[in-house]
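Shared between the two complexes below is chain A, which pairs with chain B and chain C, respectively.
Up next, the complex of A and B:
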């Protein structure tokens, strides 16, 4: 699921790139998106498509809202000190996870796919929905790319990334940019989650694996480099499938985590990262 | 002098407490004391040297499993306790050699990743380590020089002994030249480098000492409570010592114990009201980072008790 992974990882990468904040709670935003998708689809009348579209619109907004609130109430007060924000986002992780457990329960629940058809090739069938996910993720990634490189808001974000104080001197409301970036990053994770829940079920602990994988992607791609993140996401998403053919999932995870740690030790700019 | 008296008084108080505590709290305090040793180790790296690690569960787990696996092989506490100590120190040495090439946020992520890899390794070797379910130590192995650690008094005494030695060693370390250099590293690495100290060696030494503490705490925990499981090497056990240290006061000798004690009873009391103890941990972390980054003793030290080590 390289496409969904890329969406989640780009969210993490954006937040780190612009704000220099390592968001440990990123996986929980992913989980929150999935759980919210279950609520929205469960309580929307009509065919699954309506509920799915509603979820696709509402969940990122909701999760983005939570993220913006967290930014305002917590991160801003810490003055975005890198180490303090990690501790704070760990706290956030526990709170969100517990909130999901208390309000949603420990069960994994399925969300109906918006449509059911299979592409029947002579030798095997392929779920049409999975192809739709890949297409949707590509469209969204392209939109993020255009937004960052072409729009005024993207320009402002990049300016803040390069030099926060100069940006402020030019009249940019840095606080609002930060809240926006944090919300955007969380919103991307939520979209990824909404796309994935018809395939995987919504569960309150589902944030762990995406978090670990996103970390791997972001670090290998180079911290804060969106282009590197995309390449790395495709690479890892594909190789994850390949590795798990040869090894057990646990061993694959061990190798992946060790690999990431060693990349950080010996090539901190990432395998594809630009020189700082 | 004043501080030595204070720390000896705390140890004496804990010694006296065992005669008046009801059984439930008797076990709890024994548990808190051995966890406080773990927290003290964390504090040596984080509080004094400024190394914010997210992977101390690995060192604790190394001590825990070294003791647990040897106990399965028939060894008793006289061998397993030093083995746990060494295992923690050796793993810390290996991790430190690599991780200390990075600093700040990268150091946090690298230690986190190493600890995660260690945790997964324990799961991977499930047939030997018991995986998630863990295993119970054989009764014969829970024995230290003839004392049965499954009974209350020896268990409490071992906890207290570990705690007392760790606390006094910590106090001595902080007052030693090495302790001063560690603080200098935390405050200004460049300046201490200019003064001729090698940051890498100092930090590595601090991390290894920290690992020794975590390792012996892990081994002590295994012997005292007779259970070894992968959950003790999971990320939660990297976060908890950080929380205890932050609560009690980073860079204070008694802070880790006070933090562990308060947090233990906070979760214990709140679990009678709600099952949401993760929420308690999360809120406590946020509140500490936001409103009291220096913790209890750190704030007290600022407000007049300057002699507090």
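Up next, the complex of A and C:
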């Protein structure tokens, strides 16, 4: 599931890169996306495809809206102070999680996949939907990359990332950029969740794992480096899969964590991060 | 229906009174000046997995306990006193479990606590119940009660433990499905009970466990474990719990698809609260499941079973009567019902007056032996072992046919018994 991991991690990385905010609530945006996908598909008439497409469009917008609101109401008032925002996003994590528990309930609920199709190989089968997820994630990642490097909004974001004060001097509305980036990061997590939810089920505690893995990926790749995040997501996702199959999943987790420790000791800026 | 229920109760009462023979009755009958007959309600604490990974069980355990409580109070309560149940959520978390035990015992002042299922929560909470000296009746299936790991205050009179379940069924699996088994189980206490005792039982039958796949309980995707199933496997034995069970079974279906597959023998835990007719589960047709209590109403269902199903509000397919999508945790939830009626029997045998008599309550339950099928035991007759604090009941093996679970084998009580590993009655209170 390297592809979905990459999507989630890129969202986290963007937020840190541009805003210097370590968003501990990122996993909960992922969970919100999944829960919202359940609501959208459950209340959309017609075949599962319609509901799924609707979820793919609506959920990131909705979650992005929640994130922008959180940015305006909370993070902005803390002046994006790094330590204060960590504590604030931890609070946000619990607010979102418990809100989901209250409004959605404690059950894991399935979302129908847009299509049921499986590939039968001679020795085992594989779900066609999972291949679709990989393809979709690649397309979205490419879109994000194009957006960041080719569009005006991306340019503004990169300018803000490099130097907030100078950007402001050039007439960039930094507040709006921050709200936008925070929403975009959360929206990416939500898209990842909508893609994954027909495979897993929507559950109010599901935000924990993606958050942890995203942090691992982002630290290895270098905080704020989108390219590093992608490479690290592939590395962690694939090695996790391969090691789990041939040895044990516990060993895969141990190795990933060990790798994080080594990166932090020998290359604190991450594999692709720029020296500060 | 009401007359039928009331009709059974004197029967049960007389049987259970007889069971609690010996000094218990004598000491209970002694007049005690400090304890006049009280008409205040008896308060029972229910440690409930309302949230967390056990939430689907919690939802149904609460409904089952409420239905049992209603019946209990309609039949005159306990010793003529009404009964209240205080439900307290533990989030399926061992640490909070211990806090819930403390809260129920110290703040709410309950007479006894029952209801927790998940074995890691039980193991985390039982020591606190022992310290607070409050009877703690668990519904967890784990072998940790009968193994002697816990304490004199912890009993499991409502459901058979995993060791007994798997060893009673292993011969049938060996004789009917195959001898080379691969096991898939959750990587914690409950899963280890399956691993250890099923492996031993298989080897005792001349079979072989060719691979054991332990899966961390927080895992959300299982695709990468499935290629580890050896091709020589004749029987795939699976037991999973938690919110990801549907994913597990679906991915198993994707993995085997329409190609050749081994015989599959699963614990219904892998499908509790999941509709067996969900898309992607078609491959389960023809596979076998353990069930503590048959989800699909069988043709030979007893009158107690039918009345119990109606009282809890479950239809003949094992779903809620008000919402066919809301599938019950039917194979396990009878344990809360039966545990409540055991509390009633124990309290009446002990002449229970208040928290000062908690020790007498434990002794009264320890004195229980045969439990005939009745409205108090709708799952069937059972045998309680007071020394190990563990009950033994019938186990069912069902086959999926046309989307329904039809029983093909029922074990006897003797099939499941094993030598005592502990004698709790020699331990101090």
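In the analysis below, the second predicted complex is superposed on the first by the 249 of 276 C-alpha atoms of A that agree within 3 Å, B and C clash if a C-alpha of one lies under 4 Å from a C-alpha of the other, contacts with A are read in each partner's own complex, and residues count from 1 in each chain.
Everything below uses one rule, namely that contacts are C-beta pairs under 8 Å (C-beta built on N, C-alpha and C of every residue); 3 or more make two chains touch, one makes a residue touch a chain.
This structure is a prediction, so every number in the text was calculated from the model and none was measured.
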Using the touch definition from the top, say if A:261 reaches chain B (first), chain C (second), both or neither. first
Once the structures are superposed on A, label A:135 by its partner contacts, choosing first (chain B), second (chain C), both or neither. neither
Partner chain in contact with A:99 - chain B first, chain C second, else both or neither: first
Between chain B and chain C, whom does A:203 touch in the aligned arrangement: first, second, both, or neither? second
Look at A:110 in the shared chain and tell me whether it touches chain B only, chain C only, both, or neither; answer first, second, both or neither. second
Could you tell me if A:22 is touching chain B, chain C, both of them or neither one (first, second, both, neither)? first
Looking at A:250, would you say it contacts chain B, chain C, both, or neither? Reply first, second, both or neither. both
So chain A touches chain B in one structure and chain C in the other; where do those two contact lists coincide? 101, 248, 250
Quick one: which bits of chain C touch chain A in the complex? Just the residue numbers, please. 50-53, 55-56, 58-59, 214-216, 218-221, 223-228, 231, 243-244, 246-247, 251, 254-259, 273, 278-280
Contact set on chain A toward chain B in their complex: 22, 74, 77-78, 82-84, 86-88, 90-99, 101-102, 212, 215, 219, 248, 250-251, 253-254, 257-258, 260-262, 264-266, 268
Chain A residues touching chain C in their complex are 1, 101, 105-108, 110, 112, 116, 118, 120, 122-127, 130, 199-201, 203-206, 208-209, 241, 244-245, 248-250
Per the touch rule, the chain B residues reaching chain A in their complex are 52, 54, 98-99, 101-102, 104-106, 108-110, 113-114, 116-117, 120-121, 123-124, 239, 242, 246, 276, 278-279, 281-286, 289-290, 293
